[in-house]
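What follows is subunit A paired twice: with subunit B in the first complex and subunit C in the second.
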Partner chain A sequence: MDASDSRTVKLTTEQDVVSARQAVRQLCQELGFSLVEQTKTVTAASELARNTVTHGGGGEMRLQVVRNGTRRGVRLTFEDRGPGMPDIEKAMSDGWSSGDGLGMGLSGARRLVNEFEIESQPGEGTRVSIARWK
Partner chain B sequence: MSKARTTTASILKSHEKELVADWQKELASAGSASDVRIGERALHAQMSEFIGLLRDAAQHGDLVDVDRTAWQPMRQFLQEVSRSRVAQGFTSEQTALFIFSFKKPLFVRLRKELGDDPETLAAETWAATQLLDRMALLAMRSYQQSREEVIVRQQEEMLELSTPVVKLWDGVLGLPMIGTLDSARTQVVMETLLQRIVETGAEIAIIDITGVPTVDTQVAQHLLKTVAAIRLMGADCIISGVRPQIAQTIVHLGVDLHDVTTKATLADALALALQRSGWTVERSSGQTR
Partner chain C sequence: MERIPILQMGEFLLVTIQVELSDQVALTLQDDLTERIRTTGARGVLIDISALELVDSFIGRMIANIAGMARILDARTVVVGMQPAVAITLVELGLTLTGVHTALNPDRGMQYLRAALAEEVHGHGRLG
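And then the complex of A and B:
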């Protein structure tokens, strides 16, 4: 796996979520993702970026082009130093929200991508990493 | 201090003409006076007014405490000047320069008048420096405020511009959404649409999201809320512009839009709306595609 191609987008405001989406869409287009693949990846990124802003108190997204043999894909890593999640399983379940959201962001994002990893420590922060292969 | 006060005031009074002339020269050498956005006359008037107000305030008030009521007219003047500078497209630096460029002419004049009394000259100069710095700060603050007001107003105008409710047919309203559907916009969209439903007695509203690039759970939630509100008004709602890739993504996200009628295109949605309200559209005989 080669991850030399990497850049970050800061995530502090709702406007940054829009920028994050645009950056992801552009990268997917460069890699020749189909419209469906693009839309799924961008939507997953939108969910995780917004969580970083609203639940994580801000952070950043890292974009990477990843390779596995001849396959190429994108890896997106969302990281914040916010309150973290006391119960990841609960947070990942459909329809659970600690606020007034739909509670479908984390679980929905997982269904939209090929790889999904989440780490979270209460009081320390959260990191979610996803990958989508072409 | 009381001596300084009256000295500056009387110098401002007896040398107003020269001061304005010198000030204009100074501003011109900084490259700002000949600006076509303010005519020379208007600039001249602003300078005279500034000097007049400075003189009045210096006569009646504390030279340093600009929050006093004696400075009220000056604060108001600076507000107006800053606002017009914002409207004319001047930068904040140029606005500050208007005031800072008065320093040199004033100091030169003070030296001319008080050259034989170094102590008074020093006191006067120091007081005048402080004073003009404060005036510039006041102008900056007003400039900033005016800028923020302009931005807020533009945002509001954009919100309104971006939500045109159009009549598609008798009893059918259409709302083409473009761009991102954040909370503020949803609120405006909802209000505008509900208002128009009341005004027109429309039975069906079509929200077209062809121009919304990403439908995530937040957008879905906003759409669901809007649909629910429309139903509470006794009207029906169709969401169009749900392209295949969006439909697939929504399914994977797991958002339940089963309750909502969705169509791929606005044309499909209009056909359905017409059908529901009892219209039939027929091609006149003899016509072919």
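And then the complex of A and C:
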């Protein structure tokens, strides 16, 4: 994969969440994702981008086109330098919420994509990486 | 700031969401709508989301909140026109919008509101 396939969107304000959704939708459309695939990917991105802004104190989203043989997909990486999560397993469970959400953000986002990785260190930040293949 | 217009039609309030919903716009709609229910005494709220390409957990919660708040203020809410891709995504996300009445299109939504209102009036024995 070459560098031109990667770009970032800053995630500082709540309005940036909207920009992130639009960037992800555009990329999904360029790759020829179906409407359902687009909607799932954009919705997962929306959940994670909001987490970065509200729980992570801001950060950024990196968008990449990934290839596996003839298959293409998108990889989205959300990174912040916020307080991190002491218990990832708990944070990943349905209904768990640290804030004012429904507690479906992380666990729900995972169900909407093909690949989901999360790393978090208390006091250092959180990185979530997702991929959806066409 | 962007605001979503709320139209009054008889006893009902109509909302068509035509813009990409940011969290702030969604929260403002929640406040505006409850205030309008109070000032107009509306008995029903129809929210058309046919132009909405995404409903995530925040927007879903806002919709459920509106329905719950409206109910306490003596008004029914119906959400109409959800795109199939949005419905599929919502269910996989784990949101079922419990307590929110939905209809396929505005016509059926209005039918529901009128029927719910008639039943309520009847149930209270005012017309019965």
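Before moving on, here are some points about what is shown:
Assume the second predicted complex is superposed on the first by the 130 of 134 C-alpha atoms of A that agree within 3 Å, B and C clash if a C-alpha of one lies under 4 Å from a C-alpha of the other, contacts with A are read in each partner's own complex, and residues count from 1 in each chain.
Definition applied: contacts are C-beta pairs under 8 Å (C-beta built on N, C-alpha and C of every residue); 3 or more make two chains touch, one makes a residue touch a chain.
Source: prediction; values computed, not measured.
If you put the two complexes together on subunit A, you find that subunit B and subunit C bump into each other. When the two complexes are overlaid on their common chain A, residue A:Gly105 makes contact with subunit B and with subunit C alike.
By the document's definition of touching, neither partner reaches A:Arg132: not subunit B, not subunit C.
By the touch criterion defined above, A:Val42 lies against subunit B and subunit C together after alignment on the C-alpha atoms of chain A.
In the superposed pair of complexes, A:Arg50 makes contact with subunit B and with subunit C alike.
Taken together, the two structures place residues 14, 18, 21, 25, 35-36, 38-40, 42-43, 46-47, 50, 94, 101-102, 104-105, 107-109, 111-112 of subunit A in contact with subunit B in one case and with subunit C in the other.
Taken together, the subunit B residues at the contact with subunit A in this complex read 180, 182, 213-218, 220-221, 244-246, 248-249, 252-255. Interface residues of subunit C, counted against subunit A in their complex, comprise 20, 22-24, 53-58, 60-61, 83-86, 88-89, 92-95.
Interface residues of subunit A facing subunit B in the complex, by the touch rule stated above, are 14, 18, 21, 25, 35-36, 38-40, 42-43, 46-47, 50, 94, 101-102, 104-105, 107-109, 111-112.
Across the complex, subunit A meets subunit C through its residues 14-15, 17-18, 21-22, 25, 35-36, 38-40, 42-43, 46-47, 50, 94, 101-102, 104-105, 107-109, 111-112.
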